[in-house]
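Consider the two complexes below, in which chain A is the common component and chain B and chain C are the respective partners.
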Partner chain A sequence: MKNLLTSVLACSLTAGLFAQVSPGNRQNATDASINNFKAEAPKSNPGKKSSTGNSIASDTGAQRPILLKKSGFSAYINYDSKFYYNSNPLASSGSLKQQATGVWDNTFSSIFGIGVFELGNSVVTPFVGGSWTSTDHSEKVLEGLNRNSTNAFLLFLSNYGNGWSSKVGLNYSNVRYTETDTEEYMDTNPYVSLRYSHFINDKTSGAAELSIGTRNSKSDDLFGISDKVLDRNEVSLNYSLSYDMGEITLSPSYTLLYKKYSESVNDGRKDFLSNLALRADYNLNDSLVLYLNASYNNQDSSGSQLADLGNYDYKSWNGGLGLGLRARF
Partner chain B sequence: MKLKSLILSCILIPFILLNGQTGESDDSQDNSAEASVVSSASVPSVASDGATESNPVVALVRAGVPFSAASSTSFATARKMASNGISKFLEIKDGLKNGEFTLTELESAFDAGLDLSKGSVKSLVKAVASGDGSAESIERLQAASALAESLLVDSSLSQASYATPYNAGALAKDSTTNELLALLNGYGAFGDNGDELLSLVTPDETTNIVTLSSSSTSELLNYLPKFTGSVGFATENLDDSILDIALSNITISPSGPITIASDTTFSLDTLGVLDAVETNGDYDARPSDEFVHIFAAVGDLTISDDLTITNTNDAEDHALVLASSDNVSIKDADITYTGSNLAIGAADSTSDSVWLTNSKITAGGNLAVASLGTLNISSTDIVVGNANPETSDPDNIYLYANDLISATNLSFTGSRLDDVYMEAVTLNLTNINFPASAEVLLRSRDGTLSFNPSKIEVGSVNLNNVKHLGISNQSLTEDNFNMSKGAGHIDSLNKFKNGSPMMRIRAQSTITTSATN
Partner chain C sequence: MIISSIKLILIIAVHFWTAIFLYGFDIMCTYQKGTIELINGNLTGEDAISTISEHSEVTYGQILASGPNSRGEFMFTNENLFRLGTSSVANWKNRNELWLHSGSVLFCLPNRSELSVSSQISSASFTGTGTFIVESTQNGGFKFIPLEAKGILTTPKGGRKEVVGGRMILVLGAPSYFGDAYDIDLLLLLKSSRLLNAYPKHLPTMRNILLSLYVQDIKLKGKYDALIGDATSDNNLQIWKFGEKNNNKL
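Right, the complex of A and B next:
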């Protein structure tokens, strides 16, 4: 996997040889597969040129991104609150609807761009950031799933041209269940991704993103077999559309995520997860966005050495409403 | 929902609405690639899938634990459930799923400090639930569990696998006997009515010793209906001397399921049981002095190849018992006991309780086969009474089932046969030739007789191509019987020289007697 990561990293960094900058909302395929709500930052209107010239780079004739930022520092503080229906919160095999519940996520996040510099044919922006999320279930019997999640990351975003961009990053995540207030799960996740965005017409843009990463996990394994049973490599492919309807932006997306586990009783386990999502964003003002989201997940798992303990196939659908606040400095 | 989240939302949202913009709106800075970074950071952690999978409650549900139980399970309990490995966890899961014990009972067992690493989870949990929960009780239970674990291993009846048998009389005086009985009941060793049967056992509150006022089987016979469901001995038979055997004369070799799949020979002389009561006597020992040895399988007894159990003592002063707490299956096998009396029994109460198929069973003395469900016999030859013709009378065959005896092509080749006794709610006998010497008593629920091969009459004795060679070489018909006294009093017209009918049909009573009358 290290060799693969190195190769992809090299490819992503040299993609500027043939690429130009293009806008697009990164659709983290992994995120999309797991989180059915995507609180996104206000987007540039695909039909409206921005002063950075990066919206429709090909129209400007620019062959490489142009560094226009003066300070090189940017800061964002976000808050998202969303309430949604989850048909299968335990991700159990069998029917689509099992122990269905309402889920309330509240997320606070801060992101800092810590400079901008040119590297070859690309403009690179390093980011550091973090978030804290509380997840609560409306069904009392599911309170055992209530949790607080923390995430921190460092990434380098490279914009090239002609719609190409890449990311190299490292995530750290941990989850503490509120019942025990002890760390139940943690992982570090180095990854690289390559993204291509394009305009279909003056109201519609599309983006495809390939991500490859690995997760080095530590979980409180129930059977005490290994705390690394959830270590895995991941490859995801996402394609999303963004359709500007004026006040509302409609964003359907599809993500295919492949997970290959490598440790202990999960050695050889493979999961294929499909996620089909539809989201509608309505900007109440420049800082506040209201959105609706619905998504369907279907996981097909094989190779587990713990087949006696049930399989990891499941399907679920989520749908609900969210409100996001974006503050930028 | 968490209160703090609600409060934060309430604080932040009005603030946003009142201020409109909290950040600088500058399209020149609106790099959408940056926006995607912001977007990614504002969603819940991607670790949530791993967290879901590692959640103990999720693991329980995925493994098949009912959600109602899983959702009530604390993380600590879930981890205790898994602390003894996957196989034990699956036992727990099955127990909860099948309603064999409740989550509350399981948690009580954990709270009591019970170690589930050895022994049947179900039996341990049930034993704790039936005990007083004291530390001393748990300690005794663990000791009994260790004993049960060492005893109840799968067996092929090999000589080396059996150590010194346990003496029933000594077991009854052991301080852990009460817990051992509870454990064995959890294993299902006492059949479907085990709970009720066990409720009759009351240990001393101080010593926990199961105090049996008697030292003989005769005073335990009243408990028999609890075991069988309803059937026991008639009051007038309870004092019969043949039912009076000293508990100290009963030995037990317990094991888990017994499977004999290859030609096997087992020596009781080597095991040291069922020695002769009188080595130089007249071979007429008192019943109270006679010996019983039991090979007790907690589980199925399955025999699919030849089994020979030898005993140099062939006097009719003992009985060898092959007992199963579940099913008995004897198929394509010759079973020979060179001693005298042999008994085979199953506590399972289903239609598969006992199967004797394409087999031959040879007992030196009498033979008894009993089932608490259905006794199925097909193409089987029974040979009795040939071990000691010089010193004993011809011998008997006793077949008993709670529900049904279904016997087809049952033969008695070479038997030195005296009595044949069969009892069940319904007897369905086909293609059977009773020897001319056999005094046959057939007892069904109603004591009626039917000869209709196309319809089995429940509660009746159904005969189809059944002959008694002392009566006729032809199949029996109603014409061979005196039906004038009605159901329950049907005798064959043909009688032995002593005046006894060669065949009798009788009805069961609520409490029946197993003795021929």
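Right, the complex of A and C next:
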């Protein structure tokens, strides 16, 4: 969801202004209103002063007719399949590589924009959507962790046009193990975030996002104490770059996530999670993208009342290849 | 008595120079490239023509004419501005009325304004705020291309139309009426328009333009493989089709 919304925003507001012109990538000229006019080749009017001339650039600019929906309803359907290496799938403390495995994720997701509302100096767009992900591990010993994850969300995205945008949203997440078909984890996550996008040069844009949220969870009650031990408040700060290399877009990012737990044996626990990621996207065509990604995670944890049983510090890295199918309606 | 007289003279002088500073010019050139000539209709011969440079002042009634590959930006005292495109001839008759003989101009009206635009044949009035391009056409009318706007466009015979960012309207004939309206690709226009990109400073309404672009992107259903050209007559608008087979024509 985040990637798609980010790309829509980036395309609309900033990055798209400097993207390559790719005429003819959406729809052929078939509408009757277009065909009603007599077409004249530019060669027949070589000396004209006031039209668009023989090149795309002109004083006025190229005027390409488009077709707009009457309503602000929009739909995005995505499918992603990625295979990657995970050095520490159990997030165990200690060395970087533990129970390393290959992981295969398949995700179906859909997002629906349900209107566009101009409010003062901003445009508000409500979205609803959801996703379903199956996760399979290549190591047999980890097959018990194969799972299906479901996500649903409601989001109000406000765009202020000067690079700033904000989100107010509610997520619902659910994880079930496939072997036992039992619910492992569930949470609801209301959050707000503020984002600022800017250009560094014609090919590079950057975006910073601050997000604050809370997670109301329900998980396996391992100690017979509470199934809400993973309730927490979260604050995250992310900075990402997008570098257009022509056919490939390179996107490094860094995220710092602070989690403060509040329930039962986790009351007082604090986690700092650092994530450094690099992703390269190669568009095979308008709706198919091939990507490589790698990320490094490092979590420092303190304050757990279960520290005697082990701590929650861990390090891991992931790296792999994915294929994404995008459709927009 | 003498001191009072001196005070009075000083006060009058201060007011006089303040008035000159604030109201001594109608329009000031804030950017100029190439050759832009100013034609004073009250004079004759060579005296009637002067060349504009940055900080040159223009008074209403004088004709602005830009040469090939020349352009300029002009500021009004109320912070509205307009940009004169290449090979364009325009005349501000007064603060609210522009006559465009040929070429193209961009208006940036961050404050609510009333503006009447006329070409060789046609005319229309805009009321509101917005940023828009006016391009003269061969048939004597013009294209009205709003990048972002909140306002109304009125023609004598065509009535009133709400102006929508990215929706180009043709103004035709005399008495003027509205021709067809086309939603055009704002992203492509922003990337390819020299009236937007060939100037050192961003427009003060850039934020609104980007919001307009954002709204258009959300509502986008498809793009035609065609570019709109000139209106050679009231019944003929050039549409240049392109695509894989016709790329060589662009």
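Rule of thumb we're sticking to: the second predicted complex is superposed on the first by the 259 of 329 C-alpha atoms of A that agree within 3 Å, B and C clash if a C-alpha of one lies under 4 Å from a C-alpha of the other, contacts with A are read in each partner's own complex, and residues count from 1 in each chain.
Everything that follows uses one rule, which is that a contact is a pair of C-beta atoms (placed from the backbone, for glycine too) under 8 Å apart; a residue touches a chain by one contact, two chains touch by 3 or more.
Since this is a predicted model, take the numbers as computed values, not measurements.
Engineer: Is chain A touched at more residues by chain B or by chain C?
Structural biologist: Here the partner covering more residues of chain A is B.
Engineer: Answer with first, second, both or neither: which of chain B and chain C does A:121 touch in the superposed model?
Structural biologist: second
Engineer: Could you say whether A:223 touches chain B, chain C, both of them, or neither, answering first, second, both or neither?
Structural biologist: first
Engineer: With both complexes overlaid on chain A, does A:239 touch chain B (first), chain C (second), both or neither?
Structural biologist: After superposition on chain A, A:239 lies in contact with neither partner.
Engineer: For A:161, using the defined touch cut-off, is the partner it touches chain B, chain C, both, or neither? Pick first, second, both or neither.
Structural biologist: After superposing on A, A:161 lies in contact with chain C but is clear of chain B.
Engineer: Looking at the overlay, does A:74 come into contact with chain B only (first), chain C only (second), both, or neither?
Structural biologist: both
Engineer: First (chain B), second (chain C), both or neither: which does A:112 touch?
Structural biologist: Neither: A:112 stays clear of chain B and chain C.
Engineer: Which residues form the common part of the chain A surface touched by chain B and by chain C?
Structural biologist: 21, 23-28, 30-31, 33-34, 37-43, 50-52, 54-55, 68-69, 74, 113, 125, 159
Engineer: In their shared complex, at which residues does chain A touch chain C?
Structural biologist: Where chain A meets chain C, its residues are 8-9, 11-14, 16-18, 21, 23-31, 33-34, 37-43, 45, 48-52, 54-69, 71-72, 74, 113, 116, 118, 121-123, 125, 159-162.
Engineer: Note which residues of chain B are touching chain A in the complex, please.
Structural biologist: 1-2, 4-5, 8-9, 12-13, 16-17, 20-25, 27-59, 61-64, 67, 71-72, 74-75, 78-79, 82-83, 85-86, 89-90
Engineer: Under the touch definition given earlier, write down the residues of chain A that touch chain B in their complex.
Structural biologist: Interface residues on the chain A side: 21, 23-28, 30-31, 33-35, 37-44, 50-52, 54-55, 68-69, 74, 76-81, 89-93, 98-99, 104-107, 109-111, 113, 125, 127, 129-131, 133-136, 138, 141-142, 144-147, 149-151, 153, 155, 157, 159, 165, 167, 171, 173-175, 177-180, 184-187, 189, 215, 217, 219-224, 230, 285-288, 306, 308-312, 323-329.
Engineer: Spell out the part of chain C that touches chain A in their complex, as residue ranges.
Structural biologist: Touch list, chain C to chain A: 71, 85-88, 102-104, 133, 135-138, 143, 145, 168, 180, 182-185, 187-196, 207-211, 213-230, 232, 236-244, 249-250.
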